[in-house]
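Structures incoming, each one as C-alpha cells.
Two complexes come next, and they have one chain in common, chain A, joined by chain B in the first and chain C in the second.
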Partner chain A sequence: MTSKRLLSAYVVVMMVFLALPIAVVIPSAFSAGSDLSFPPQGFSLKWFAAILERPAILAAAWNSAAIAVVATAVSLVVGTLSAFALRRYRFPGRAALATLFMTPLVFPAIVLAAAIAMVLAPLGLIRTFQGLVLAHIVIVLPYVVRTVSATLAEIDKAWEEAALTLGASPWEGFRTITLPLLRPGLVAGATFSLIISFDEFTISLFLVGSGMMTLPIEMYNYAEFSLDPTLAAVSTLLILLTTLAVLAVERTVGLGKQFA
Partner chain B sequence: MSTNAKGVSLAGIVKWYGKVQAVRGVDLDVAPGEMVSLLGPSGCGKTTTLRMIAGLEVPDAGEIRIGDARANDVPPWKRNIGMVFQNYALFPHKTVAENIAYGLVMRRLPRAEIATRVADAMRQVQLSGLDDRVPSQLSGGQRQRVALARALVTRPDVLLFDEPLAALDRKLREQMQVEIRQLQRAVGITTIFVTHDQDEALTLSDRIVVMEGGRIVQSGTPGEIYERPGSHFVSDFIGMMNALRATVLGREGDGRLRVRMEPGGRELLVTGPAGMDAGAAVELMLRPEKVRLNPPAAPGTIEATGTVAHVVYLGPVTYLHVRTADGVLIAMLPNAEGGGAQPRQGEAVSIGWRAADMVCFAPPDDA
Partner chain C sequence: MNPRRALNATLMLAPGVALLGLVLVWPFVVMGGMSLRERFPGPIGPSFAKYAEFLGDEYMLNVALRTFSLGTTVTLICAVLGYPIAWFLARSGSRWAHLVFLGTIFPLLVSIVVRTMGWTILLGNEGLVNAALLSLGVVDEPLRLMKGFWSVVLGMVHVLMPFMVLSIAAVLGKIDGAYAEAAATLGATPVRNFLTVTLPLSVQGIAAGSVITFCLCVGAFVTPIWLGRGHVTVMAIAIHEQMVTLVDWPGGAASGILLSLATLVLLGAYGLLLRRWSRR
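Right after this comes the complex of A and B.
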C-alpha cells in the first residue's frame, strides 16, 4: 500500500514539475500589470491586444508559419518517398541511409546549425526565406520518415499486389490503397513537422537577420529589451494552437500508434 | 458469370532470386477450364511459379502464354487474372462491397453494372447482406468468400490461388475446398491452385502437379499421382506408404521387373520404370489400404504372416503395424460392421496384397 502511495505521489510531483512553466505563463498573459511576473496582478486581455501593435512579432509569426508549411509540404513528399525506399526495397547502403535520415534527431543542434550556415552562406541563402526552408526541411524530415515508415510497416504488400491483379496500375493502386492507409502516418508526421519547424530556435538563429526573422527569435530579441506580458500572451496562443493540433491528431488517427 | 476460359502454358520457366534458382525450368500446360494444383513443400517453387503467371514476378527465362498471347511482358494489371492470396489480402479500409467492386471500378464499368455484378457475386458466395461490413468484422470463412468473389467478379481468364485455406481450421477448410471446387466447375474457369496440403490437392484438382526443388517431378490426375507415384518423394508427400527395399534381378519379356525383396528374399514381378538394370536397388511402394487381412487366395496375391507390433485406432480406420519376414508393413483396415474387433497387439495375423498394387521406383538419395 505504501509503495503504491509513494508511486502516486511521485507521479503527481513529476506532472506538476513538467506543467509548472505552462501554469505560470498562461496566468501571466492575463495580467493587468506591466511586468512579466508571477503571480499576475489583476485580469486583462490588453497584452493580447498589444501583440497586434508589434509589427515585428506579427511579421515573424507570418514567416514562421510560411516556413513551417513549405518545409512540411516538401518533407511529406520527400519523406514518404524515402520511407518507401527504406521499407520496401533492399539495396546496398540501405542501413547507412536509414541512419543518416535520423541523424538530425540526435546531432547537437548547434553543430548542425553551424554546418548549415557554412553551406548556405556561400550560396547567398543566409537571411532568406528559401535558406530557412531548406534548413527546416533537414530538421523535420526525420519525423516524417519515422511516422510514415511506422505506418508503412503495417501496410501489407499483398494489398498492393491484390490491387495490381485486379487491374489497378501501380499509381492507381498507390492512390486507392496505399495512400489512404498511409494517411494516419502522414497526418501525424505533418503535425510534428509543423510544430517542430515553428518552434525551431538554434538553427534559425544562424540564418535569420533583419528583414527575415522567425517568431521564436523575435520573441527572444523582444525579451532582451522589454519584459512585459506580451511574450506570455504570444506563448499562450502558441500553447493553445499546439494543443489543438495534437488533440486533432489524437482524435483522427491516434498518436499512440505513431510512437508506440 | 460467362465463361471465357483460356489455357495457360509455361515453357522453360526459370527464376533466380539473387544466387538462388527458385524455379529451374518449368513446363506446364493448363487446358481451358482445367483446375490444376501445384503441390509441394515450402521452397519448391510453386508460389514463385504462380506469381509469375500473375505477373507479380518476371521470369528470367522461358515463356508464359495465357490463351494465345505471350504474357511475359504484360504487367499484372493488364493480364485479366483473378488471384486469391494467402491471408486473403482484403483491403482493410474498404467494405465488403467496395472490396468486391474494386476490380470493376478499375475497369471503369458503369456504376449500375458494377452494383449488379457485385450483388450477383455476393449472392454466389452467400455473402448477401454483408455489404457494409469491413474485413476486420468478418470470420475467416467470410473473408475467404469475399476474396473469392473479388477475384471472380471481373470475369478473369485465369483464377490463381496462393494457399488460400492455410489459415482456416480443418473443418472450415474442407468445407471451403468443396465450395471452391463447385464454384470453379460452375464458372468453368481455368484455375491454378498452390498448396502444400495433399488432401486439398486431391479434393480440388483435375490434375496435380507435384513440385520439388524448383522443378515439376510429376503431373497427373489425383488418382494417377496417388496410385502410381513416380518417385519416393511423390509417394511420400501424398498419403502414407509402405516403403520396401528390393533388388532388380532382371526384366521379363512383358516388360515387368523381377525383383527380390529385402529382407525376406521373396521374389516377385512388378511394373517398373525403364532404365532399371539387374542389380539395381529399388524401392517398392505399397499403400496401407491395399494390404488386406486374411486375404482370399487368388493369383497375383502375395501372402505374408506376422505379428501385430502396434495398433493405431483412428475412428473410421485402424492402422495395424505387422512385423513379417518381409519387414514391417502397415495395413489400413476399415472399422465397419458394428465396430467389429480388430486384431490386438501381439496377435499373429495373415496379410496379403496384390503385386500389381506395388509401385517400383529408385530409392531416395539419402538411403
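Right after this comes the complex of A and C.
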C-alpha cells in the first residue's frame, strides 16, 4: 500500500507542476501594483479595465476570434468528409493519405509558417485575414479528422446500412443517421479547433503585420516592451474561456472518449 | 470497390486533399526550390550553396547541436517523469484518475503565451521563486533563473509532458492485467514484474510519446525565445532570424528543409519500427 501512496503523492506533485505556471498568472491580474512581481501588491480590477484602453489588443482579439471561427467552420466540413472517406472506404494509398492529414501535428510549425508565407506572399495574401485563415485550417484539420474519426469508429455501420435497405438515399442515410451519431465527435473537434486556432502563435508569425495581428502575437509584442499586469488580465480571461470550453465538452460528450 | 463507391470516396476526399496540397505540400515544394537558389530575388539554381553554407557555418552547427540536445534532454525527462502519471491514469483504477486526466490535458489547451508568462512570474528576478528564496534567507540577491538552457528545458518539459503521458497511458491501458498477475503468481517481485513484464509491453507507448515529444521540441519557437531570452538559439529561432532579420530567404529555406528532413526521417524510422512490431 505504501507504494500506492507514494505514487499518489508523486502524481499530486506533478499536477501542481503542470498547473502552477497557469495558476500563478491569475493573482497577478488582480494586483494593484504596476509590475508582474510576486506576491502581487494589493487588490484591484484596474488591469481588466486597462485592456479596454488598448485598441491594439482588442483588435487582435477580434481578429483571432474571427480567424478561429472561420477556420473551424471550414475544417469541420472538410475534416468530417475526409474522416468519413478514410474510415468507411478501402483504397490504395489510404494509409499514406491518413498520415498526410496528421502531418501538421508534428511538423515543425516554424518551417510550415515560412513555407506558407513564401507561397502566399506573391499572391498578396500576407497580412490578410484570408491568408491567416488558410494557414490555420491546416493546423486545426488534424484535430477535427482525429476526433470525428474516433467517433466514427464507434458507430456501427449497420445503422446506416439499415437505413439504406429501407430505401434511404446515401445522403439521407448520412444526414438522418450518421450525422446525429457523430455529434459528440463534432462538438469536441470544433472546441479543440477553436482553442488551438485562437491560441496558435508560430504558424501566424510570418503572416501577421501592422493592421492584421493575432492576439497571441500581439501579447508577445506587448510583453517585449512592457511586462505589466494588463497581460496577466488578458491571460486570466483566456484561462477562464478555456476552462469554460473544457467543462462544456466534459459535460456534453466527455473528454476521456476523445483522447482514448 | 465499385465505381459508384470509388466516386463517392473521391468526392469526399477532394476538398481535404486539395487544401493540404495547396497549403501544405505545395509550400514545401516552393521552399525546396527556394533553398536551391543562391539569393532571392535571383535566378533559380539549382545550387547547393546554402546547404554548404549551413554545414560550414560553426554558428549554425552549434544551433543544430543545441536543438538536438534540447530535444533529447526534454524527451528523456518527459518519459521518466511522465511514466508514473500514465501508470496512475491507466492502471491504478483510482477514482481520481479522471481528474488527473483533466489536469494533464488542461495545460495543452491554455495559450502558450499564458503558460510562458506564468514561468516569467515564477522565475523572474522579482518572481515567486526568488521571493521565497530571499525571504528564507537562502540567497542575498535574486538568482538569474531565466536566460538559460535549463529554464528552456523546464518550460519545454511543461509544454510536452501531456503528449508523453497520453501516449504511454494509451498503451498501458491496453495491456492485459493477466500477464502481471501470472508473473506475480510465479513468484516475481513487484520490481522484477515491472521490469520484465510491464515495461517491455509498454515500450511502444514510450516510443510513440518520445517521437511526438522530440519532433515538437526541435520545432519549438515560443518557449525557447521567451525563456531563453536570446541566450538559447535553437533551429526555429535561427530560421526566424534568417528569414526576418537577415532577409535571407534561401538560407532560411535551406535550414527549414534540413530541420524538416530530420523530423521526417525520425517519423519514417518510427513508422518502420511500428510495422515490425505489428508483424510480431
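In this section, the second predicted complex is superposed on the first by the 258 of 260 C-alpha atoms of A that agree within 3 Å, B and C clash if a C-alpha of one lies under 4 Å from a C-alpha of the other, contacts with A are read in each partner's own complex, and residues count from 1 in each chain.
The working rule: a residue touches a chain if its C-beta (ideal position, glycine included) is under 8 Å from a C-beta of that chain, and two chains touch if they have at least 3 such contacts.
Keep in mind the model is a prediction, meaning the values are calculated, not measured.
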Overlay on chain A: chain C relative to chain B, clash or fit: fit
First, second, both or neither for A:71, with chain B first and chain C second: neither
First, second, both or neither for A:79, with chain B first and chain C second: second
Partner chain in contact with A:188 - chain B first, chain C second, else both or neither: neither
From chain A, separation angle of chain B and chain C (C-alpha centres, steps of 10 degrees): 90
First (chain B), second (chain C), both or neither touched by A:238: second
Touched partner set for A:253, first chain B, second chain C, both or neither: neither
First, second, both or neither for A:20, with chain B first and chain C second: second
Touched chain A residues, chain B compared with chain C: C
Touched partner set for A:203, first chain B, second chain C, both or neither: neither
Minimum C-alpha separation between chain B and chain C after superposing on chain A, in Å: 7
Residues of chain A at both interfaces, chain B in one complex, chain C in the other: 170
Residue numbers on chain A that touch chain C, as the complex places them: 3-4, 7-8, 10-11, 14-15, 17-25, 28, 35-39, 77-79, 81-82, 84-86, 88-91, 97, 99-101, 103-112, 114-119, 134-135, 137-138, 141, 145, 170, 192, 195, 198-199, 201-202, 205-206, 216, 219-220, 223, 227, 231-232, 235, 238-239, 242-243, 245-246, 250, 255-256, 259-260
Parts of chain B lying in touch with chain A, wherever the complex brings them together: 54-56, 75-83, 85-87, 89-93, 102-103, 106-107, 150-151, 154, 160
In the complex with chain B, residue positions of chain A that touch it: 156, 158-159, 161-170, 172, 176-177, 180-181
Contacting residues of chain C [partner chain A, same complex]: 1, 5-6, 8-9, 12-13, 15-17, 19-20, 22-28, 30-31, 34, 81, 84-85, 87-88, 92, 94, 96, 98, 100-107, 109-122, 124, 126-128, 131, 158, 161-162, 166, 170, 173, 190, 211-212, 215-216, 218-219, 221-222, 226, 235-236, 239-240, 243-244, 249, 252-253, 256-257, 259-260, 263, 267, 271
